[in-house]
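Presented sequentially are two complexes of chain A, the first with chain B as partner and the second with chain C.
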Partner chain A sequence: MSRTKAYIVSADIITPYGHGVERCWSGLLSGKHALKKVERFDTRPFVSDQAGLIDGIEYGKEDSLVIQALKRLFEKPGHGIPRDARLIVASTKGEIDLLERAVAQGSDEFNQCTVASLLPKAQKLVGVSDSGYVISAACASASAALARAASTVTSGAADCVVVVACDSVSEFVYSGFSSLMALDRTLAKPFDKNRKGLTLGEAAGYALVMSDARARKEGRPIMGEIAGWGLTADANHITGPSRDGKPLALAIRKAMEMGGDGTTIGSICAHGTGTAFNDSMEIKAFTRALGQRTSPVYSLKGAMGHSMGAAGLVEALVALKSLEHGATPPNINLDTVDDEAKGWAFPEQRPFGGATSVLSTNSGFGGVNAALLLSQVT
Partner chain B sequence: MFINGMGIVFAGGSGIEKFEGALAGPWVAPNSHNEAGLPSYQADLAGAGRQDLLKKIRRADKMSKMAVVAAADAAEDAGLENLAAHRVGVILSTAHGPHVTTFKFLDGIYDYGEEEVSPITFSNSVHNSTCSYIAQTMDIQGPTLTVTQFFHSFYNALSLASLWLADDRVDYALVGGVEQYGDVLSWIVDQKLTTAKDGMIKPFNLTPTPQVPGEGAAFFLVSKTAMGKAYCQVDDIFLGWDADRAIKADIRVIDSDGMAPDESAYLACGSSGVPMAAYSPLFGSMMSGSAFNMAAAALTLKHQRVYPNPVADNPHNLPLLPKDFGVDINRMSCLRFDCRGEAMGAHLSRA
Partner chain C sequence: MADLYGAGWIDNRSYGCARTGSGATHQVGDCGFSPRIKEILPDPFPNFGRLDAASKATCYSVALALEDAGLAHPLACGEGVGIIGASQAGCARSDVRYYKDYIDSGRASGLSNFFIYTLPSSPVSEASIHFGLQGPLLYTGGTENIFAGCAALAMELIENQEASVMLAGESGPEGALFMVLAARSSMEQAPWRSGAETMAVLRQGGSFPHIARKLADIGNKIVP
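After this line comes the complex of A and B, so read on.
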């Protein structure tokens, strides 16, 4: 009997480019970034004032920023998520803006704005019966959640899982990354020789992961297969990634092993934050895992900022889009390719013909790595 | 899946011997009261071993320190050394995560301004930082994940560990639950739930159960095969519970601790006649307290020793575990209901 496969059968996102995967893809292909000045809080104390922000979501509303974004995804009819889908939420700080407000106002609504309290709200919005759980793996949360969804389906524990991912630009996270001196004073330039740090961003989205049998039975359109996944830890430092890239390479190898012999990688949607250490570590990892078989590497974070726990979901969907088109999006803000990244990263869009799979990788705070192998389904 | 090692940090101290001593001993009153007079069970790491590890992570918050000590103890208890040489994964479950540190960082913003906030505090406020400290101190390069949920986070984490082992992703998994006490949390639960003003959680009162916040960490080293000192086998992790279809167990350990406003769902457990135990009065009310109760069940199976209910008030005439339970204990059931009456739990059997 053949192994059960995990297909992504529907998905939607809201990013700084707007609503929808198509809008995100066309925004990327335009070569123009979607970063802008932050107005929702005072940025004067920080080293930067730029971020990738979703239009129309605001501080001070009854709903948190992430719930405002998620409502746009789920309040329109026809998202087609079955009620029996298992629920996994990926987020690093959830409704942290509500907590900021509760503390500032001395409110007792702390229990309404913890990471766990996001679950019943997401459950209600999505319309599933499962109360779900939150996967936290810092900025690899969404890719780890997609891996968990895929393993749930392939193991037969469930035949349908919805992954909801969201994070927002709040004063809390902006203060935190600024205090870590991790923000670029101008704009993030992943894989650039002159990169100085990241630019924060926000996004929300979902992906419905279904078994091949159920997807076919229900006549679902198939966007792609989560054909392999690998998760590893650096065991290095709470804020600094591995210096040699071995743990990420291990995660990539594991994901590729699952794809089986003959897997060809067309491109790599990298974490690519724009910090000196992250980007260097990633190129080392790609070199370790793929050797001379270079595949074009791109990052979305120069275009949209770093949406933390949501990044992995947006990136997986863009990676599938790139597979569909046989070309990467451009590396926006990449001007002078870093010596280490030469042959891997390119400023412009790069075609890659003939490949049936792509990689999407994330490496989060605390040294957590996730690699997804995404494949075409014929 | 077998439980081969355990590590526990709780109000009664650090280590399995301390925990077993607490299970065997009489109920002990909460060791702390805050300014409002609200009781709590708080862990004291000063007396914990592992000062070498604690020194390595001196900048970590208390949540991470408790978890690192418990995880290291679990690996040592199982006899697993040099973790870098093995395929080990870490799964941490929590309901509230680093909430104390999150508040501390927010307070820093308001008290000192954004320019003066601590990058270390921000790092520690990230929800998976505890997992990362475990990986860092124990040199673990396998998968690490944090599972957050109010009531069933531990059983979901255990289920994931089982899947990783079945998928051959890891040979060993360190899976555990951790919660940190905070005055804000104490105040909130006092507002929303029924506080045991006398400090005594009465886990069989159920309508409601009075709560006393606790804190601590309980970790398990699990693998597909039994190692030399295996405590027990985890036969299955179940979702949903039905008295008529429940597998017959010799003892049922329930997680009632007052963290849900109404815990009357546990009353149905009494109809089967299976003796019931609940140990929350020893470590306090914690949404991931399931890990501590499962540790008690694992000790019971391994040592074939009955640990009597520390607080045996029984207004509903439930079949409580007798002190002189004189039969072999082959199978135990651990169970937690959430606030909607949905159950998750695990069946354990002798190794």
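After this line comes the complex of A and C, so read on.
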């Protein structure tokens, strides 16, 4: 009897390029970034004033920023998420703008501002009966949640799981990354020799993960398979990644082993924050894991900014689009490829015909790493 | 199913190891768990004073749990040894500490040493770094019984062979309880409690010392 497979059968995202995976993909192919000046709060004290922002979501509304974004995804009919789907919510800061508001008002009601407090709101919006749980693994939150969803499906614990991921650009987060001197003064330039840091961004999205049997029974369109995954930690530093890339390489190898012998990797959607240490660590990890079998590497963060806990979901969906088209999107803002990244990262779109799988990787504060192997389903 | 090999807890009055029954009472100072309790964490711990209260409690509890399970720490090889933490309020207290300080300083600059503890996964990250845990690292929350939910997720990671050993527990500024769950093939000693027995206790809930006592009170059952 063959192993149960975990298919992504439905998904939607809101990014700084607009609503939908197609809009995000075409925005990336345009070669133009979707970053702009932040007007939500005063950025003058900070080292940057740029971010990837979703049009039309605003501070000061009754709903938090992420709920405004999620409502756009779920309040239109026809998203097709069955009521019996299990629910996983992935985020780093959830409704952090509500906490900002509470602090400003001198309120001590902070229990409604935690990541977990987002869960019942997400449950109601998605319309599932499961009360769900939260996964937070810093900037690898969404990819870790997709891994848990795939694990739940392949183990037979459930045949349908919806992963909802979201994070927003708030004064809280912006001031924090600025205090860490992690922001590029201009725009993030992942894998560039002259990269100076990241640019923050925001996104919200969901992916419906279903067993192959149920997907076929219900006649669902199949976007791709989560064929393997690996989760590891650097055990190195609270903000700095491993210097040798071994733990991320191990996560990649685990994901590839799960995918089975003969897996060929067409491309890698990297975490690619644009910080000196992250991008260097990732190239070292790819070299360790894949050896001389270089695959084109790209990052979305020069285009849309770093959407933290939502990044892994957006990136997995773009990785599947790249697999469908047999080509990577361009590395937006990449001008002079860093010496370490030569042969891996390219400014322009790169074709990779013939491959049936791609990788998507994320890493985050505390040294967390996640790798997803995404495969075509024929 | 994965089995239980040991558990350690700390709260504002006591700390201990559930399996071996060792423990002590202590007083928490004005600054939470500072100064460092060197009986629990004898090794050098750079920047311990910088950790927020939940991270300190997590590190104490993980040290006690590892000791209870007979695992010397820091681990010589932490590949496949992961950690998953849960909490009632996430990192809300650290969030408020960071943001109030930022507001009080005139919104000029946040304190990076406060900001780094504003992730729900920060406490388990600190434990991962100090003890050399290189397996899966996650925070989970939102379930009705977060401790049981956290343990179930840890067992799933072991059963799926994504990790051989998992530290799983709940922590907050007032204390923490962590357990060592593992596949039998990855441990030299016999398990203390079966996974099913462990889950039955966790589902009943209770304070950290209460859960530790309940685990010990299951009796001298031989794990099947």
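Note that the second predicted complex is superposed on the first by the 376 of 378 C-alpha atoms of A that agree within 3 Å, B and C clash if a C-alpha of one lies under 4 Å from a C-alpha of the other, contacts with A are read in each partner's own complex, and residues count from 1 in each chain.
In this text, contacts are C-beta pairs under 8 Å (C-beta built on N, C-alpha and C of every residue); 3 or more make two chains touch, one makes a residue touch a chain.
Note that the coordinates shown come from a computational prediction; the quantities given were computed from them, not determined experimentally.
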Putting chain B and chain C on the same copy of chain A, do they fit or clash? clash
Taking the superposition on A as described, I'd like to know which of chain B and chain C A:66 touches: first, second, both or neither. neither
Which partner does A:281 contact after superposing on A: first (chain B), second (chain C), both, neither? neither
I'd like to know which partner A:113 touches here: chain B for first, chain C for second, both or neither. second
Mind working out whether A:239 is in touch with chain B, chain C, both or neither, as first, second, both or neither? both
A:9 in the overlay: touching chain B, chain C, both, or neither? Say first, second, both or neither. neither
Using the touch definition from the top, say if A:93 reaches chain B (first), chain C (second), both or neither. both
With the two structures fitted on A, what stretch of chain B runs into chain C, 188-196, 260-268 or 296-304? 296-304
Overlap of the chain B and chain C footprints on chain A, listed as residue numbers: 45, 92-93, 96, 99-100, 103-104, 110-111, 114-116, 119, 131-138, 144, 148, 151-152, 155, 157, 171-172, 175-176, 178-180, 231-239, 247, 250, 254, 364-368
With touch defined as at the start, can you tell me which chain A residues reach chain B in the complex? 45-46, 92-93, 96, 99-100, 103-104, 108, 110-111, 114-117, 119, 131-138, 141, 144, 148, 151-152, 155, 157, 171-172, 174-181, 231-239, 246-247, 250, 254, 364-368
Under the touch definition given earlier, write down the residues of chain C that touch chain A in their complex. 78-79, 82-83, 89-93, 95-96, 98-100, 102-103, 107-112, 115-116, 118-122, 124-126, 128-129, 131-144, 149, 153, 156-157, 159-160, 162
Quick check on the complex: what are the chain A residues that touch chain C? 42, 45, 89, 92-93, 96, 99-100, 103-104, 110-111, 113-116, 119, 131-138, 144, 148, 151-152, 155, 157, 171-172, 175-176, 178-180, 230-239, 247, 250, 254, 364-368
Can you name the residues of chain B that touch chain A in the complex? 60, 84, 89-90, 95-97, 99, 102-103, 105-107, 109-110, 113-115, 117-119, 122-129, 131-133, 135-136, 138-150, 152-153, 156, 159-160, 163, 166-167, 169, 184-185, 187-188, 191-192, 338, 340, 342
